[in-house]
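A short worksheet on the structure shown next.
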Amino acid sequence: MEKLKGIMPPITTPFVNGELATDKLEFNINKWNKTGLTGYVVMGSNGESVFLTRDEKLKLVEITKKFASPDKLIIAGTGSDSIKESISLSNESAERGADFVLLLTPSFYKSEMKHDAFIKYFTAVADSVKIPVIIYNVPKFTGVDIEAETVSKLSEHQNIAGIKNSSENVRQNNEFVYSTHKNFSVIVGTASMLYSGFTSGCVGGILALANIAPDQCVAIQNLIENGNLKEALKIQNRMIPVNKAVTAKYGVSGLKAAMDMLGYFGGEPRAPLSPLNEKSMEELKQILLLAGLL
Amino acid sequence: MEKLKGIMPPITTPFVNGELATDKLEFNINKWNKTGLTGYVVMGSNGESVFLTRDEKLKLVEITKKFASPDKLIIAGTGSDSIKESISLSNESAERGADFVLLLTPSFYKSEMKHDAFIKYFTAVADSVKIPVIIYNVPKFTGVDIEAETVSKLSEHQNIAGIKNSSENVRQNNEFVYSTHKNFSVIVGTASMLYSGFTSGCVGGILALANIAPDQCVAIQNLIENGNLKEALKIQNRMIPVNKAVTAKYGVSGLKAAMDMLGYFGGEPRAPLSPLNEKSMEELKQILLLAGLL
Amino acid sequence: MEKLKGIMPPITTPFVNGELATDKLEFNINKWNKTGLTGYVVMGSNGESVFLTRDEKLKLVEITKKFASPDKLIIAGTGSDSIKESISLSNESAERGADFVLLLTPSFYKSEMKHDAFIKYFTAVADSVKIPVIIYNVPKFTGVDIEAETVSKLSEHQNIAGIKNSSENVRQNNEFVYSTHKNFSVIVGTASMLYSGFTSGCVGGILALANIAPDQCVAIQNLIENGNLKEALKIQNRMIPVNKAVTAKYGVSGLKAAMDMLGYFGGEPRAPLSPLNEKSMEELKQILLLAGLL
Amino acid sequence: MEKLKGIMPPITTPFVNGELATDKLEFNINKWNKTGLTGYVVMGSNGESVFLTRDEKLKLVEITKKFASPDKLIIAGTGSDSIKESISLSNESAERGADFVLLLTPSFYKSEMKHDAFIKYFTAVADSVKIPVIIYNVPKFTGVDIEAETVSKLSEHQNIAGIKNSSENVRQNNEFVYSTHKNFSVIVGTASMLYSGFTSGCVGGILALANIAPDQCVAIQNLIENGNLKEALKIQNRMIPVNKAVTAKYGVSGLKAAMDMLGYFGGEPRAPLSPLNEKSMEELKQILLLAGLL
């Protein structure tokens, strides 16, 4: 198993009139194929995975695989609280071309979702899935957080390849890096952690921002790897307001609106999410202009 | 549409060796059939719904309907963030005998899950589901909370029958009661709110505790309706430690252990949950003894 | 020691040009003296205690005692994290006429502020203060919460008279009532808990709302004590929106604005708080009108 | 005004039998005087400031100034919610030798403590204090958080020298750096942020860890300034478990116990805090051994 690394967008799912629009997805992937991105995450948080039916999910994997250039990895978000269902969706995704699966920490019974439950869950799933598994820690959506001690133990499992960590806590992220197996990839899950992550031993980034600014994200990685921290930090700081806009501030709706402004197909999110209103649209435009993306 | 009321347990799902054990469910239902419970909630939080596959869920509705005495209502927990999937699972549950569906507030995109999104979600689902819909508010599991203003508006919908409110916030609960349509049922979602709920206008309780102490729960309701608050409060206060034990303290595992102690079939929860350890088992036993249940 | 009971406002502190205005305080107290309130809390959360210097605090006790009719109890908020300082301020308040002191749970080192620390703190203070002590639990301001087990133990102390509980959690409040010594007073700390508290064994209320609606608060208590729950609940429900406006929604600034509208002296809060803006002022007015207070 | 920078411990306050022990403080300061620390913070969170009387606070400033070598800066923690009191305690601290004052964000009325209130508070205090002011943001103790937009505006004030930021959120910290005035110092408030802070433009650290590992903290800074990130990260990662032990895990009690183990005077914390129990003491020892400090 090769070590997972590089910049990957959790790609948005294009809808037209509320239904999957595969031609729009093809359009976006064709653009991303020309960049230095190392792969695509389908059915991530920014893919509105929770609004998709099971059939739609599998179709998405299939289509993304079809349009992606052969050098791009396909990572499918297949986790749910149910071990049974997570295994079957993962394996069916593998059959449709996924190279890795990304599994949300189980989270419904929050007070019980601690060390023992996480070890049980990820071990059971990784034991039965045919492709390598990536842990997905995203406290802002799940309300639970995984500890370094747990990740350290899971990193010894042969079929657990890494963690996507969407927390902005730098202490926790550093703990993940230095306490895990050398073949285990710690991947930052938000562009706000990109610079600090790469200067501290992270090897990848699964970033909403990479949907709209793939070149800038890849540049930050490359500059750091070449020792040019000053320039990397400059781009990083320029990107923070954009990243904030397309995540915490305006969410998926904002990300999709920004895609529309920047030559990708964004479109509307699925209900119950709402598209941005005009005022937010205008603010977003100013943020993109200020950052030099528009 | 008759007004939904009375005491209903969110029934636990019995597993033997990790698989659905329908004979054990029959055994439990036969016991509950003899009580004053008005119905059964399948696939609720205490039913480990999140660990079940879609097929298992539908089978559960079918079996519960089969064994329930004809006077008991069947309420199926069918909600997820996906409007499409919530509608289809609800309608298929209706075909298998469900009288009502109970729908969790959508919760993944927490910061967007406010008034507008809730109105959109519940309206869309209630418009397309053949049986009446109950809103399910349970902040401790979802990390989101629904406001009285939103519930008030939704209570006007002809196919939204009520709310199960599992928050212990008495102010919020009172707001739900006095700001909603007269045909709308406000149902407390935890036994710790039973006394205060029924003295403030609530008409039902969907209570983990009703799995093991159905008579006591029904008695509290009846005593309050007959004006005997003093006696109702006495039972209520005696039950609080038990309720705490089978919810906040030991969760579903505790509830199932208590069922085993009290002549029902409890059994083990599904992974990644763990059964109670011996020390907790002993403490639980003391709590049941002290409350006079054992 | 007589059991502490009845309705008491945590009185606001009147400022003119940012300085204590004792004549305005006299004006307000003269009005409150004519009501069924059993006492006055000075230097509570609504008294902007945290913005006062030590000298101002002692002066406030002195003046309130001077203007209060002899049958009204004086309760002084004197707690801080420092045991030494809490004792000395409490005893100096006693010398100036305070009958009880109200002590915030210590809260700075949140993760350590649990059972042992609370037992140590309240025991040390109660041992050394000449007048009885009331525990003050207000999680929304302190970020810590005291458990029933702790309150139960503290209720055995001869010089700890009760608890003011400003949480809206009805389960916790009931636990306080049934697990504490019979001479110990459980007092609700917000009007939203008034009805549920009094129907569950609470004996008093220290309520922001009592600054502006003393008669309604007293009426709820009296109606419940006389078994007229229906009428009590009616007033309670009418008061909830007002209570929300002068607490969670607009805070002290809203309470002071409402006082000005209702014939008391409210005035401006001290910086860094700001007075209500015009829009909020108008909304507040509508809320008071709707509730029949204006 | 010279730009504030370098590593400074928020020094612990030594107590013997619960009373200030000035000889023990002298002993510690003599040891710290020989290190590369640039100054001492008295009455910080680790100084148990909240347990001290006003007189004790002023005495602490006086004594620290007396024993500190002339090249060390004296920073006094003087903030409270009261503007009046913060100003007077700050100016009296200045008279006793403080070079800077460190002011906690006001925090009691949490929901109102946002942009406007912070601007009002810090402007009012900075206008009236004779020495420069440092903002102190520590959400884990205060329950409030200050935004970059607010800090940016405050950084324009001539008498506001910097911010001590004890959050571990790297996005927020970077925003503070790039959005504030060039003379404004962003200082990390916890050793877990030291490496990431200094590689992103922070210029100082006020660190509990610097009480017991001043040389290591200073080394991290120097290595980063000389471009040796690899070595800096190595020390950083070695220190994270120690830092966690003397902050989040065991708090001030743990820090004091570690001081005793490492040749400083630690002693017991003041009540209501408790000294470490034997088991924790043993664990702490192992952590210090593993990190090579013992």
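Quick notes on this one:
By written order: A, B, C and D. Residues from 1 in each chain.
Here, a contact is a pair of C-beta atoms (placed from the backbone, for glycine too) under 8 Å apart; a residue touches a chain by one contact, two chains touch by 3 or more.
A quick note: this is a predicted structure, and the numbers were derived from the prediction, not measured.
Any chain bridging chain B and chain D, meaning touching each of them, is among A, C; the list is complete.
In summary, no chain was found to touch both chain A and chain B.
The pairing of chain C with chain D is characterised as same-residue: of all residue numbers used at this interface, over half are used by both copies.
Our note on geometry: chain B versus chain C, Cα centroid distance of 36 Å, whole angstroms. Centres computed as Cα averages put chain A at a distance of 49 Å from chain C.
Among all residues of chain C, none touch two or more other chains.
By the touch criterion stated above, chain C contacts chain D in their complex at residues 45, 50-54, 80-85, 88, 106, 108-113, 116-118, 120-121, 124, 140-141, 143, 248, 251-253, 270-274. Residues 168-172, 174-175, 177-178, 190, 192-193, 195-196, 199-201, 229, 233, 236-237, 240, 244 of chain B are the ones touching chain C in the complex.
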